[in-house]
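Each of the two complexes below includes subunit A, the first together with subunit B, the second together with subunit C.
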Partner chain A sequence: MSEPAGVLPDADLFSRDHFALFGLPRRFVIDERALESRYHELQSAAHPDRHAHRPEQERRLSMQWATRINEGYRLLRAPLTRARYLLELSGVDVGAENNTAMPADFLMQQMEWREALDEARDARDPAALDGLARSLRAARREAETLLAHELDEAHDTAAAAATVRRMMFIARLGEDIAEAHETLEN
Partner chain B sequence: MALLQIAEPGESTAPHQHRLAVGIDLGTTNSLVATVRNSVPVVLNDEKGRALLPSVVRYMADGTTVVGHAAQAAQSQDPRNTVTSVKRFMGRGLADVAHVESMPYVFEDAPGMVRLRTAQGAKSPVEVSADILRALRVRAEASLGGPLTGAVITVPAYFDDAQRQATKDAAKLAGLDVLRLLNEPTAAAIAYGLDNASEGIYAVYDLGGGTFDISILKLSRGVFEVLATNGDAALGGDDFDHRLYCWLIEASRVSPPGLEDMRLLHMEARRAKEVLSAQDSVHIGLKLSSGDEIDLTLTRDQFAEMTQKLVDKTLVPTRKALRDAGLAPEDVKGVVMVGGATRMPHVQHAVGEFFGQEPLTNLDPDKVVAIGAAIQANVLAGNRAAGDDWLLLDVIPLSLGLETMGGLVEKVIPRNATIPTARAQEFTTFKDGQTAMAIHVVQGERERVSDCRSLARFELRGIPPMVAGAARIRVSFQVDADGLLSVSAREMGTGIEARIEVKPSYGLGDDEVARMLKDGFEHATEDMGARALAEQRVEAERLGEATRAALAADGDLLDSTERADIDAVLAELASAASGQDVAAIKKALDALGRATDEFAARRMNRSIQRALAGRSVESL
Partner chain C sequence: MAYSDKLLDHYENPRNVGSFGKEDDDVGTGMVGAPACGDVMKLQIKVGADGIIEDAKFKTYGCGSAIASSSLVTEWVKGKTLDQALEIKNTAIAEELALPPVKIHCSILAEDAIKAAVEDYRKKHGTTSSADAA
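== the complex of A and B ==
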């Protein structure tokens, strides 16, 4: 293997940031297939199933490592959590709770979406819910394109934080749509 | 599977002995045990060549416990002491159990989990399940010719924490070392996927005797990744029987049946259901002990119609699972059918209609789960052969959370999170000078605590008095690879900590499990002392072997003093293991654990680094 024999492994490996652990450059736009195959390779080494027949302490370590790898994968895989994590690494708190200032046009858009959701719910109209979900998906893709520019090129963390807050709103609305679907089905 | 066995890094290079491991499908109606023998997974039959062990236990007044076919045959003559479908009671209170009125048992509503009063006293569902598991262990040991190293026990994917914990306790009680609790649909996916070298998105539709699971998996190059799972832990073939049973009573206008007739009618309902999977109609002719006679004919269409609601009920979780996975029915490449209840033609038809394709029924739906479990058990026990390098990534079926103000749930880990997983949430005190905080752990998707399952309550005490909102209490959840939760709470300023394995809510503490274990041995012919010594010796050999293999592979991670320490402890362990003193072996095992802690951490780091480095070299 690649490390010279006799050299101790990196004792800080566990506390590396997620990008470093997955061997990816610290950027918003990532190679998703590389992320997935790294994930599988890391879990192939760490997963509790690989250590089930081994001593207890090794099983404990394996669970900690596998937990750590799952957490990293979860955060890096979804654009929203990846962007938040990048901002966190550069010391920017997205401040979702106490910073709700949004541009007026987005506030208008939010209201329209909310109204559309209420109407679809009241009308018990799954097709309308699907239509709303589609326009949310389009808005999310737009925000992701914007984030790629703000985070990877302009390095404008303030603008990126604002975009992330918009995406968080979109994500919450998406959950509400899913919930409305479930209510209709039950 | 390949014939050559090659050692992995960190494994012994000497050809190690084959460890006896089994997969057990602990089913509502039937249970099975399977193993991998000469690289081929096989279901182990009983002495009469039967694979299925009816999950029926009869407790006789003379202290005899009968499990399986003989118990099943006695169920209508001794319904009260003959327990069937006990899986439905695992981790459940009386209020959770459906159709109590048509069951012949005398229930006791013990805290967290019901008990059944029998001729041998009140039995917890854990004890009844343990009797079934013990019968399978005995069958396996007789067939394999030695004590088992460990077992993989399957559980419905939609089982919650209490049901999983109850299953694990039952296994412990039966003298089994649980290598892993494995979700039934995932076990089926292993058996199916490895058999067919499948790639792509697959759905596993698992309708068993008492439970329904739907799992959506992504199969790719040796990785089985569960994307989402959903289900109904109280819906299965039993409910179809029950519907038919109700119809029998209505249509024949017999008077409300007594206990024996109730059982007789249930058995007849099941028989009719099974016949209708092969024929268009079935004749039901019965003479009840009440003197009433039943003479009816039921067609397949009639049966399909009266149970259509139950079939539709399975499609609700199916839609949810697909939505959670972010997929549509047409994204699914194949639908694997599991569980005896999927033999019903109208179930197959509905599933085919929903997914727009014929479901896959080429594997025996009764055996596929046990086969998958056996394959996984073989690997987990360390009998890994070349080609056995697949990876299983499973999820937690139901969200885990904490009670917050106003009886609302704050979710800490969402459903479908890949396990093992851990999350933490911070809370604060709401009163000045508050020194304790009650922590209530719940599982479920609903907003209100009262609509979710309560898993555990504990208190963090000794918080230093502060103004309201100043304390920072961090509650951490850890879910292990069995899907079992442990929770700890810590006040961040002082580091005061409270930790709990989530168990107490269903009423079987560790002490109680220990007591049952002891009782079990007193009744059994086995000698507890001899077994304990044998077990400790096996453990000493296992750990010694594991440590020597680790030293051979990664000894360079230690300096000479560290190495000498470990060698000394190994020698102590070997000498203790050759003696008769169980406590001495235990002590030496603990010492070995402590001596190798740091070594194990370094080895793990190295293997992670290798996983990373291997890739970097490849991609350069």
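== the complex of A and C ==
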């Protein structure tokens, strides 16, 4: 799968899944460099600038391709969305909207982190925010290690869905910490 | 997005914020969370010897709708038996606060928090129905 610059990828690829488009096996642990290089290859093949002089239909197609490529790239690059997508491909809904039964100790930890965030925000304490961000990064790495096992080795989709739900909390808190940081800096 | 007066009132003046002792014999604690928005809700009920919920407290980290939903249900559960409390449905919460469709999951969270609190209380007392708890 290698398209010369300015030549749109094979039309069949468009409707296939993101892993197929990027030539990656359907696994949680991916070769990030392969993803990057395939992304650049696809981008230069489909970029609308390279089709600007072509007939209208091809220009429209190149726009659709560019959107499709960016969407797939962003989704595959981030571990959380990649894991969700893998589960989706196996027909598993992670229950983000209606599964509220998280382990109590995990929710306790979330609540403590939320309290710490409020305190750091009120005290305008960037060092406390950094400390919180570090704890969160460690929790995220731990969850990613777990997902690699659950998705690629144990093929335990129920366990993986629970880990994805935990990661969603962690991601959300991470966004709020980053936002608090920005507010302090301004 | 236009929010209802009731929602704003519960958000700006939340009722029953706080905690009871988690280990207390007459307290049931429910902890739930919504992955989609990262909201975390703790709802506690204090149950009298007659099996009636005499007090409730909550602590919620989340959006205004989540805070309003939990504040509302702490009011609603008071004076109810455990079985009556379990009858509170998320649709009633959503209707009372006129939650917009994207915030329906906040009312689900509040309903599930009541269930979890009742379950915790019953587990402490080794019972499965409120008749036994009385």
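The criterion applied here is as follows: the second predicted complex is superposed on the first by the 175 of 186 C-alpha atoms of A that agree within 3 Å, B and C clash if a C-alpha of one lies under 4 Å from a C-alpha of the other, contacts with A are read in each partner's own complex, and residues count from 1 in each chain.
Methods note: a contact is a pair of C-beta atoms (placed from the backbone, for glycine too) under 8 Å apart; a residue touches a chain by one contact, two chains touch by 3 or more.
On a predicted model such as this, the values are computed, not experimentally measured, just so you know.
Looking at the shared chain after the overlay, A:169 reaches subunit C, while subunit B stays out of its contact range.
By the touch criterion stated above, A:18 is placed in contact with neither subunit B nor subunit C.
By the touch criterion defined above, A:82 lies against neither subunit B nor subunit C after alignment on the C-alpha atoms of chain A.
Contact with neither subunit B nor subunit C is seen for A:121 once the two complexes are overlaid on the shared chain.
Ranking subunit B and subunit C by residues of subunit A touched puts B first. Contact with subunit B, but none with subunit C, is seen for A:74 once the two complexes are overlaid on the shared chain. Within the superposed three-chain model, A:40 lies in touch with subunit B and out of touch with subunit C [touch as defined at top].
In the superposition on chain A, contact is made by A:53 with subunit B only, not with subunit C. For subunit B in complex with subunit A, the touching residues are 19, 149-150, 179-180, 221, 223, 316, 319-320, 323, 376, 379-382, 389, 391-393, 417-422, 478, 480-481, 542-543, 546-547, 556-557, 592-593, 596-597, 600-617, 619. Across the complex, subunit C meets subunit A through its residues 31-38, 40, 42, 59, 61, 105, 108-109, 112-113, 116.
By the touch criterion stated above, subunit A contacts subunit B in their complex at residues 1-3, 5-6, 8-11, 13-14, 21, 23, 34, 37-38, 40-49, 52-58, 61-63, 65-67, 70-71, 73-74, 178, 181-182, 185-186. Listed in rising order, the residues of subunit A touching subunit C in the complex are 94-102, 104, 106-108, 110-111, 114-115, 164-166, 168-169, 171-173, 176.
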